[in-house]
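Quick one: this structure, given as structure tokens, is what I'll be asking you about.
Chain lettering (A, B, C and D) follows the sequence in which the chains are written, and residue indices restart at 1 in each chain.
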Amino acid sequence: MRLYHVSKSYMAGQYALHDVSLEVRRGEFVFLTGPSGAGKTTLMELIFAAEQPSEGQILVLGRNVARIGAGAIPALRRRVGVVFQDFKLLQDRTVEENVRLALDVIGTPRREARARVFQMLKSVGLQHRRFHHPLSLSGGEQQRVALARALVNEPEILLADEPTGNLDPELTIEIMDLIVSASTRGTTVIVATHDHGLIDRYGKRVLRLENGRVVEDHPAASSSIGASA
Amino acid sequence: MRLYHVSKSYMAGQYALHDVSLEVRRGEFVFLTGPSGAGKTTLMELIFAAEQPSEGQILVLGRNVARIGAGAIPALRRRVGVVFQDFKLLQDRTVEENVRLALDVIGTPRREARARVFQMLKSVGLQHRRFHHPLSLSGGEQQRVALARALVNEPEILLADEPTGNLDPELTIEIMDLIVSASTRGTTVIVATHDHGLIDRYGKRVLRLENGRVVEDHPAASSSIGASA
Amino acid sequence: MSRVLMLIAIAFGNALRGIRRASTTSLLAVLTIAVVLVLVGSAALLVENMSGLLDEFGAELQVTAYLEPGLPAEAQRELAERVGSAPGVEAVLLVDEAAALARFERIAGGAELLAGLEENPLPASIEVRLRADARTAESLAVLTDSLEGLPGIAELAQGQEWIEGYARAVALARGIATGIGIVLGLAALLIVANTIRLAVYARRDELDILALVGASRTFVRVPFLLEGTIQGLLGGLVALLVVWGAYELLLPQVRFGLELVLGRAELHFFTTVESVRLVLAGAGLGLLGSMTALVGAGSET
Amino acid sequence: MSRVLMLIAIAFGNALRGIRRASTTSLLAVLTIAVVLVLVGSAALLVENMSGLLDEFGAELQVTAYLEPGLPAEAQRELAERVGSAPGVEAVLLVDEAAALARFERIAGGAELLAGLEENPLPASIEVRLRADARTAESLAVLTDSLEGLPGIAELAQGQEWIEGYARAVALARGIATGIGIVLGLAALLIVANTIRLAVYARRDELDILALVGASRTFVRVPFLLEGTIQGLLGGLVALLVVWGAYELLLPQVRFGLELVLGRAELHFFTTVESVRLVLAGAGLGLLGSMTALVGAGSET
């Protein structure tokens, strides 16, 4: 994944992202941090083609997202898992159906889909809640459902926006371990977080944004080299 | 504020809260903590009359919330400020209008309301965003708007569910200081959080929930005594 | 007191903002109400003009009183005047023997039929036109009773069957119009209520969140009711314009068609009062619709 | 291949779930479509039965051919047969001189008029009834041309004016029916499209979220289109039941009223084909409605 001089401006004269250039290699794990409103979510939205950059080019999985046609976006998104800051779960579907969405859109046979969803929910500790609706879940439970949906189809890229913001410290470690293990299986991971304890614990690469600019790019303690994702 | 043997069960046999009894004095500051799904949000919903307890009595501001009539609920809620875990902002109103809602419902004159809203937004650092819509705010910005709405009418009780979950460490301190200062002005405050750093820093009373039960009630370092809220 | 005024001001503000902001739902609601009222308005216009035509048609119905032969012209005129003042009579026309003959000769073959006769066999007659409200079998009976007693009148050709047929036709037309009115009215109410309910449903978050910040039921509901009323008003105005435009556009053709068939076509648009009534009907529908919408929404809040 | 089948299965599943889960919006949409189709159906039934009555009425229109005086009975019958085989003729009735006299005497005052005459002045005639499709001015012209050449016919009382009036009345009725059909059809489409659009709008989160997890446009849209179609189908069925119920309920009264006024009332409900067409119209409206709803929603996704 590569960004070349990317800027994003929602209002004339104000930049949510300003001249950001960076490269993330395949299978790499990156923490994205920075103060509130620094542009973390915006950066993820650009990678995900939920927003178009005002300037610059963005290469994701061999495609230039800055110039992608509307018809090609779904195919891209199926290869990218996302945990949104506000979860974005469908209130009128059960937990299982929400997670299964990511498999339904690629036409996975129902039986196989159910089995994989069950395994996934088990690994986030919510298999017993699979027939409930999101509204009847606690904040942390909803967050884990969102993560399960993002990971269930084994995406090539995982973008997780504050995935442990509503979790207690023990659960946070469990969930982060899950994400890290996906990354060791080859998934490129970007995790936005405010939790410095987490960043220190894992010793991964850290990108620090401030006012839309990359002000720090701290490499991982034990660097693993791969191709650009 | 007093709870007597309060239980809440959404499904037969499963308790979100189980036999909780506690007292919070007027002007007291309480941290509510515990793992995901422990019942923190549920406890706040009961105090706020958003849910009815399955068993037990709840006394808030001299009213028994467990038996309150639908007609009396608005009056109670106007004296209680709430920050919801999912913010609950109106997407089709500006930041200013969202915050002003809490003043509109008590019929505050427009001029006075605007002035107070402006001050409040300034203290959460968002006065320059007051004509924007929530959707164009970052997660942390939305969270601060929610807090501003909860505090703007100087409530007698403030219930804040994870009010700093989307904020960076510096901003977290700023915002918590704001909440603490409200409490020193006499507002009873309950803050649900997973952030142990925060709890340690302020040395306030800590209530720890697990599986719907109070497993720890750690008094404040410097106890301030007052009447029950 | 100023609090109350403030709350009222806020309610109005919220209603107007609701319409401006929720532009999609508002527009759809206004459009639907307009479409419904175009139907109601067109039907009303049709029925009204139809009943106007029926009235004109009814004006042709008449009772003919044949006079005794040999009555002097002076006596005939006097008699005609007396008949003219009888109950239910709108106008009378005296047709003397000569006029009757002239008329008969104009009928195809009539002249030949009478060619062999030396004397005019046709009697003079008084043709009585009835007032609109007297075109019923009952009024007719009263009239004929009072005419039959008059000296100089030989026979009454009552047109009883015609009158009864006409009265029945009017009753039937009125029945059909009432039926259409009830069906359309119910349909309009249902559709508008459904539409506003959907519009409210699309904004159910707003109802929830307002309740959470301590808004009273009234504070939450009044803006929605006002909004529905305003939407209805706008829908009514749009409908009035559309019906009026269609009327002006189609008038020449329709008038031509009616003149061909019926020989006359006195068409007219709604009066000002009726126009206002149509717009107010829209407002009423909007209010009623949003009331039913909120009744349903109440259970969820 | 199995992927495609899977996707189709999922689309159907989603559509059905959509209807079940979004029960509020679905119910309102079905209800609105039903109400709209009740209007359309009632109007169609009314128009159909009206045109049936108009047909019967037209059957009374006829051309009268007066025969030359003194033609022997045998020749009259032969002539009647020849006329009967002319183009556009449905039936003929021979009225000889005696029958004509008898008829004339039955008219009020007729007997007195003829009292002074020794000889019957009335001619024999052949009354020609026209086929339904020949009740136009053009067909009539053809017929009269072919009749005028026949020996033994003195004069044709064509009833030209009557026929033209009738043809115009039929055209006018058809025009009004078409007008009502167009207005109602447009209104139905607009209302249904609005309603489904509002229903879709209430669930816009779903469209957004599906797009975010990489659902293709087709995957997102097909269930909504299916849902709209199924809602339309259900609405059509409900409407058919309501119209049928109302028809059965009101039939006795309406028939009584019509018999009083028109002397006959051959009323009938939709045929099976027409009923199916009404229900399919509902499905079509639902499909069209959800298509327009998604066109609008597309800009937001």
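As a working rule, contacts are C-beta pairs under 8 Å (C-beta built on N, C-alpha and C of every residue); 3 or more make two chains touch, one makes a residue touch a chain.
All figures in this text were calculated on a predicted structure; none of them were measured in a lab.
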Chains touching both chain A and chain C, listed by label: B, D
Contacts common to chain A and chain B (chain labels): none
Far-end chain from chain B, centres as C-alpha averages: D
Busiest interface, counted in C-beta pairs: C-D
Averaged-CA centre spacing for the pair chain C and chain B, given as whole angstrom: 62
Centre-to-centre distance between chain D and chain C (centres being mean Cα positions), rounded to whole Å: 24
Geometric centre distance via CA averages, chain D-chain B, whole Å: 67
Arrangement of touching chains [line / ring / star / complete / other]: ring
Listing of all chain pairs that touch each other, if any do: A-B, A-D, B-C, C-D
In the complex with chain B, residue positions of chain C that touch it: 2-4, 6-7, 9-10, 17, 21-22, 205-206, 208-217, 219
Complex contact set, residues of chain D against chain C: 24-25, 28-29, 31-32, 35-36, 38-39, 42, 108, 112-114, 116-117, 121, 157, 165, 168-169, 171-172, 175, 179, 183-184, 187, 190-191, 194-195, 197-199, 201-202, 250, 257-258, 260-261, 296
Residues of chain A touching chain D in the complex: 48, 50, 71, 73-80, 82, 84, 88-93, 101-102, 104-110, 149
List of chain B residues in touch with chain A within their complex: 10, 33-37, 40-41, 85-86, 136-141, 144, 161-162, 165-172, 194, 196-197
